[in-house]
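All chains are identified by letter, namely A, B and C, in their written order; residue positions are counted from 1 within each chain.
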Amino acid sequence: MGAAVRFDYALILSRLPDILSALGVTIGVWIASLIGATAIGFGVAVARRFGPRPVDAVLLGYVELFRGTPFLVQLFLLYFGGPYAGLSLDALPAGLLALSVYGGAYFSEVFRAGFEAVPRGHVEAAECAGFSRGQIIRRILLPEMAVLVLPAGVNTAVSLLKDTAVLSVITVPELTLTVSALGTEFYAFVEALFLLALGYWGLVEIAAALGRIAEHRLARFRFSA
Amino acid sequence: MDGRDKPGHDVEDEAAALSLPRPLMTPLLFGLLVKAALYTVSISAISIAIGITLGLIVAAARASSTSLLSWPARVYVSFFRGVPLLVQLLLIYNLLPAIGINTPSVVAAISGLALCTSAYQAENLRGGFSSVPRGLLESAEMLGLTAWQQLVRIRAPIAFRLTLPAVVNEAILILKASSLVSVVGVVELTRMAQDLDTSLYKPIQLYSSAGLLYFLINRVVSSLGRLAERRMSWGRR
Amino acid sequence: MTSAISIRHVSKAFGQTEVLHGIDLEIPAGAATCVIGPSGSGKSTLLRCLAFLEEADSGVIEVFGDPLGFTEDASGRRARLPAAKVRAVRAGIGMVFQQFNLWPHMTALGNVSEALKQVRRLPRKEAEDRAMAQLRRIGLEARAGYYPSQLSGGQQQRVAIARALALEPKIMLFDEATASLDPELTGEVLNVMRDLAAEGMTMVIVTHEIGFAATVGKLIAFLDHGRVLLAGGPQQVFGKPRHPRIEQFLDTYLDRGAAMLV
């Protein structure tokens, strides 16, 4: 067992191509599931707010269930349980789907809060002026919401980035799986994991910084503090 | 229940269950899951307690005026919130033996959970402490309370009440996050479901049951949290 | 008449803004001094300097001869006094705030008895007995077990007064004590303050209630732009012929229908 913690950079760096491709998988999975999650989340939020009561109740169940249970269990259910229900997926697609559905539940709450944060008065003024439902959503709610949901949205997106690590458990070839495999191969577990931690730390800080820039850019569209 | 494991270890003891008539198998399996769920709750409770204590220390350091204390605290919070919990757990699980500390995997698991949550709790508590209105402390000062008395008698209780919703929220997050310690070999609820699955091939029933148990536990914690909030409402509503 | 508080050339600035310009004022003992003036004239800042919640940039404040916070020698050099000395001088001063500042997690009795327990180190029973006596004094002993959120604004402020009185201060400071109250509730608080003045408590009252100031105040200090424009008895300050600035100031009150001022 590594008695002295040495940093075998040379060994790790010799496998840089593998690491970079794993990084690509991580980022790719993140972006793809982010798109899926925001789409699902937005759809659910709209359906809950503007749809019939029963739909709201059913979707509430979805949101509560997927926010109230661990992601790992949801992943296992899909990947290992899926085939028994006729849904046989490979690791990567399964991971993408699970992450999107999980993220979707969280994003739906972000959007729901955004809808409610737009002052009723703005919507009422539009209704009085004769705007249609769709027009109100597109011309009033969405633009005003965009600024309000940004902080919470960025937070959720960054969480999703961290959750991609869980996909390593079902052998999706992303960063965690690849780098810990390198650690095993070179008998340098701790060093590899430490580098892995630093890597994620960096990614998360970059993502958070990008989010702050976006918030700053949109800040002038805020109507009040 | 020790964390050291062989996959399917507990299930071998229950091998006889396979030859039991079907109606009896389900309650037995569910009983195993419930037992594992209780283990999940204990691990989470310990991690939450340690996490809040650590979080208080880190929050105090963060709020300190000396940068020697506040700067490391900021780095600490940034690190433990920026690295995925799974990676943190793997790191601690491998780091401890590497520096000569040999403990059961559950100790590594609890350490990992506690460190991670302490960073989030530190942020929660920081917000709470700074939201205590200044006037309340000024009146305390005018009445002669020392800085320490102000902290303990006025600031802390009010800050705690302000941060209670966030603390309860974090507790629920830990309960869910504890499922990841299954990866470092602790036989809690998720791992139990996995182990049973490898022998019984009933993933849908097992993982659904596990999910349901997590859901129920979270519901109970939420209700307890709301109860605590009501008891600490000091006459409001 | 002895001076309870001696204020000598006190100045205070917040950043670039000078709020107090060399205030000289002698607060008499055993009577109520009312500090009035337009918003922004520095009234609250002056009061907070007397409480040492703000530190004056220059000048000396003496409470019954004891310097508060700073001493100044003959050549004008200031020396900061140790915190223990500040606490000792402050122990004789009680303060009532505009926002009441009752602690929300304690009952009325808890609020009033807290300092008795923590600072005077009285045993619980004795502290609570004394606290109840204070609550009885202001007529709120029935509400002793109520939390601040269950009390009206006027009741909260009266509890705040009881809380300050429990420590038996020699001087009571009031920072716009009724400004946050609904008009119907100001009366009950002003009555308590009136009674206190009648009992001979040394009080410094910053207030907008001109009628109250004119009838209760022995000394009226009119502050304008950080300076004491005029300080004297009610007749001196309000009696005609009036200083034009004071006339201007009172006009705004007549506009608001304060017919109590003659």
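Here is the rule we go by: contacts are C-beta pairs under 8 Å (C-beta built on N, C-alpha and C of every residue); 3 or more make two chains touch, one makes a residue touch a chain.
These numbers were taken from a predicted model, which means no experiment stands behind them.
Chain grouping by touching, computed with chain B excluded: A | C. The most distant chain from chain B is C, comparing centres defined as mean Cα coordinates. Summarising the inter-chain contacts, the pair of chains with the most C-beta pairs in contact is A-B.
Annotation: 56 Å between the Cα-based centres of chain A and chain C. Chain B and chain C have Cα centroids lying 49 Å from one another. Between the CA-based centres of chain A and chain B the separation comes to 22 Å, rounded to the whole angstrom. Listing the residues of chain B that touch chain A in their complex gives 78-79, 81-88, 90-91, 94-95, 97-99, 172, 176-180, 182-183, 190, 193-194, 197, 203-204, 207-208, 210-211, 214-215, 218-219. The touching residues of chain C, when paired with chain B in their complex, are 51, 53, 87, 90-91, 93-95, 97, 99, 101-105, 114-115, 118-119, 146-150, 160, 163-164, 167.
Only residues 1-3, 5, 64-65, 68-74, 76-77, 80-81, 84-85, 162-166, 168-169, 176, 180, 183, 189-190, 193-194, 196-197, 200-201, 204-205 of chain A touch chain B when the two sit together in their complex.
Across the complex, chain C is touched by residues 133, 135-136, 138-145, 149, 153-154, 157-158, 161, 232, 234-236 of chain B.
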